[in-house]
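Down below are the structures I want you to see.
The two complexes that follow have chain A in common; it is paired with chain B in the first and with chain C in the second.
On to the complex of A and B.
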């Protein structure tokens, strides 16, 4: 087992390093350098070539590409993420503010989508082939076909503007004191985000449940004369949902990526919102750091999944090479 | 004994071949199965209608989607303007039709091109193995380490916005999935006896993998192309909604929806964003129905 984990780590770190290099190099290729983004058009007219050069010198931009990458990498490893070009705020500060907001939103959405998805999936497996099953399948496909931001807009129009039950967007207001004050703000974005995930969870739960229902211990339970609801709930449900829940838990990275547009629609001050703002403003240091953070999350999650699967199923680590 | 029963079998096959019930049998089974899937047929019909409506946009709508008409700003739907007009008096119905051209082109085009790249690499790498396979696998893993939307946004920030860039980005982000699919199919087909037979005849690698093996991997690939068309159309819509996709002067479904970011428009002028949102949803749903129908009708494990 230890060898397997070490093997995986030997893939993990070079991968992260290679991606950071590619992203750094890619942003290097984009037109203009940091200095040209700092100078306003009015200033550009009055500034001399020497002054420009001096600025480049001051920011270390005239060093070679590899040197700069090395400086950036070493300070990154030490926890210094550098500064955003918009306003010169430390990136670590921005991250500390936005990451919890995104996590909060994603976890709530994950919670909703798991509960709704699993119960609907099990229901549709139990009533296989019925009208309920068919309409749930169609509804699931509709769930992945409607653009989530369009769904979000309709939800805003309906529940925030027309009915005025919930706020239009945002996360915190100065007047908020308790947790209860914040709940109305998270309901809409998390439910809309959950919709995106529910369809997937439903499909997994359905096929897993169908799988279990065909097993022999279910037949045994039935032949003992156990009532049908006990067979389904105690025997089928419990066995079927374990793999589903494990799998859904690790779809968190997907959810964090998927929340990007929803955060924009609801003006949720999360990492996705910040990422879009930095892409719009060509704030390259921020774009780079945030995208690498996403990569880190995805790679870590897949590492954990691999290790867990190997723990559960010995064939994975033994059969490998 | 065994010999005579074998002879009998061959006789039967020969008889069926002579009656011509043999060669058309497989195709008709797939088509029949697809046609029996009600949702897939409905999907195909609506899909065709929307595609044709976009192609024949000039016939269906007398308006120019780009022409600003300040005398007819923000008009609700009427007989003249079926979906009303937007803030600069452009006819929304015409914009939805012309926008469909671009959006469908981007979706379908990127899906097909990324499939071509993914298959070209995947077939060869999966069949040959070796260092090409190792490199291609690692490269595809790099692309798959990003959440899809984040990678697209990152590449948009590197390359800048244009229609061409967007399609290139979609291909770059999309080929990996197809590559893995093609590669996995090739890995299992590689061990089949007919492939070994072809190799022993001395056929070239290219002929074996693209001419003889690829057709056997085609049905999951077709399904995948359909599903990724749906995904690309949704991604384009999302990006353009954010103002980071296709430049705003080109009408696409996402660009039309872009105005809904303004809460005043969201509240007061539903026709500027509602119909187009429904068109996108219906179109993508139809594409997904078609994909699902294709999977059901071509997947041998589901054939009775």
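On to the complex of A and C.
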């Protein structure tokens, strides 16, 4: 098992490095450089070529591509993320504000969607062909195929505007003092986010479970005279879990990256929202930091998936020894 | 059966039907046989003749779209007769019989063991549900079972996963699992089809040994006539959901009387007769189970078909042990008598 994890780590870091290079190179290729975004249109008319050159010199933009990449990489590793070009706020400060907001929203959604999705999926598989299964299948298909912004808007219309039970959006208001004050704000966005994820998890759990229930070792388990719950859960679900874990693992980046769409719809001050703003404003340092962080989380998530699947299925961990 | 102590299981006129797409497949259509303690009953027949369904019916391990229509499965448990067909499919009483009184070995040991649990764990489940042993005793029993099955280093192997076992070892582990609670009946559904011949011999030796030591009755399902000749005490030949001929191994193999049994035996190549020996495959193929012939099911493929074959022949008792379902058996049987007399 330890060898297995070490093997995975050996892949992890080179991958991270390669992708960071791609992110940096990609932004290098985008039209215009940082300086052209820093000067206002009025200024652009009067500014001279020498002045522009001087600005580039001052920001170190005249150095070669590789040198700049190296400087960026080393400061990134040291935790110096630089400053946002919009307002000059330290990026670390922006992160400190947005990451908890996103974490809060996604954790709630991920937690409930996983538990509810898996249970409903297993139930659906065990009662295959019944009315329960059919209605869950229809609901699941609807949940998977209807886009989340639509659900988000419908939920706002219904619960916030018509019924006025819950706030329209936002996370914190100056009048909020305790955690309880904030709960109404998180209900709608997390519910809508969880709804989508539940539908996906349910479809996955159902098909994986059906696949496993048809396998011969289920008959073997039954032939040992064990009760049905043990046959279905210990022998069935344990094996059916692997693909479901992979699916949920790939949702882990949501925890940090946030769902851009849901955060947009509910004006949730998380990373997803911030990412859209930074791209719109060509705030390169912020875009790069968020992208790199996203890459880091995706890679970490797949590392976690690898370890978890190895824990669930012993055949995986012995693959290359 | 009530007056015979030596009979462990008695099946009478059993019918198991499958229902798919509004059609009915009479997979087992009126089968009767007895299984004696400490004896091996071989059920032989082509693929799709209902052998495996018969086995699954006895264990009530049928898929959801099938059910027992008629008949009786009487099982003797501690001098009490239990009608298995009347028990609830996955109910408590049925579960108590499964794995402890009647155990089953499956065809493909590669898929019949759960890949995510250790072999020891899978054997221990049986003991956990049917005995009062504590954890430590269960573990010891698992190890001793594995060592009985001839698995080397059982103390170490018990904690290993099925994927680190070879095919033969997995089947041994399956047998260890099945034999964990000393069942009265062991149903082996083509236990060696997926294994190579040398391993096959070892597995059968093991089963023979267990049969002698524990007085276990074995129902062996196979289509390998060589295996039948080697192991069977009694043989039942099935065709399209019926037993067409049954009797002791001697009756069926030496004096095959049903045209189907004869055809089956003639279609097996014999070692040592060289390349040019005559093998007579049975002409045609098994009929579509949804579109069965009227009367004798074998008639369309039979060389001796007559008009009377349009009516399903009744079971006829030729002698104490030998029974047959054919209108023209007398003709064939007389030949043996002639041969013997001459």
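Observations
Going forward, the second predicted complex is superposed on the first by the 256 of 321 C-alpha atoms of A that agree within 3 Å, B and C clash if a C-alpha of one lies under 4 Å from a C-alpha of the other, contacts with A are read in each partner's own complex, and residues count from 1 in each chain.
One rule holds in what follows: contacts are C-beta pairs under 8 Å (C-beta built on N, C-alpha and C of every residue); 3 or more make two chains touch, one makes a residue touch a chain.
Everything quoted here is computed from the prediction, not taken from an experiment.
Legend: residue contacts after superposition of the two complexes on their common chain; A:22 is shown touching chain B, with no touch to chain C. Contact with chain B, but none with chain C, is seen for A:253 once the two complexes are overlaid on the shared chain. Of the two partner chains placed by the overlay, only chain C lies in contact with A:221; chain B stays clear of it.
Chain A is touched at more residues by one of its partners, and among chain B and chain C that partner is B. By the touch criterion stated above, A:73 is placed in contact with neither chain B nor chain C. Chain C meets chain A in the complex at residues 59, 61, 90, 94-100, 103-104, 106, 108, 111-117, 125-126, 129-130, 161, 163-164, 174, 177. In the complex of the two chains, the chain B residues touching chain A come out as 39, 141-142, 145-151, 153-160, 230, 234, 237-238, 241-244, 257, 260, 263, 266-267, 270, 273, 277, 280-281, 284-285, 287-289, 292.
Against chain B, in their complex, chain A makes its touches with residues 15, 18-19, 22-23, 26-27, 29-31, 138, 141-142, 144-150, 153-154, 156-157, 161, 168, 253-254, 256-258, 260-261, 264, 275-276, 278-280, 282, 284, 287, 291, 294-295, 298-299. Of all the residues in chain A, the ones that touch chain C in their complex are 215-217, 219-228, 230, 235, 238-239, 312-315, 318.
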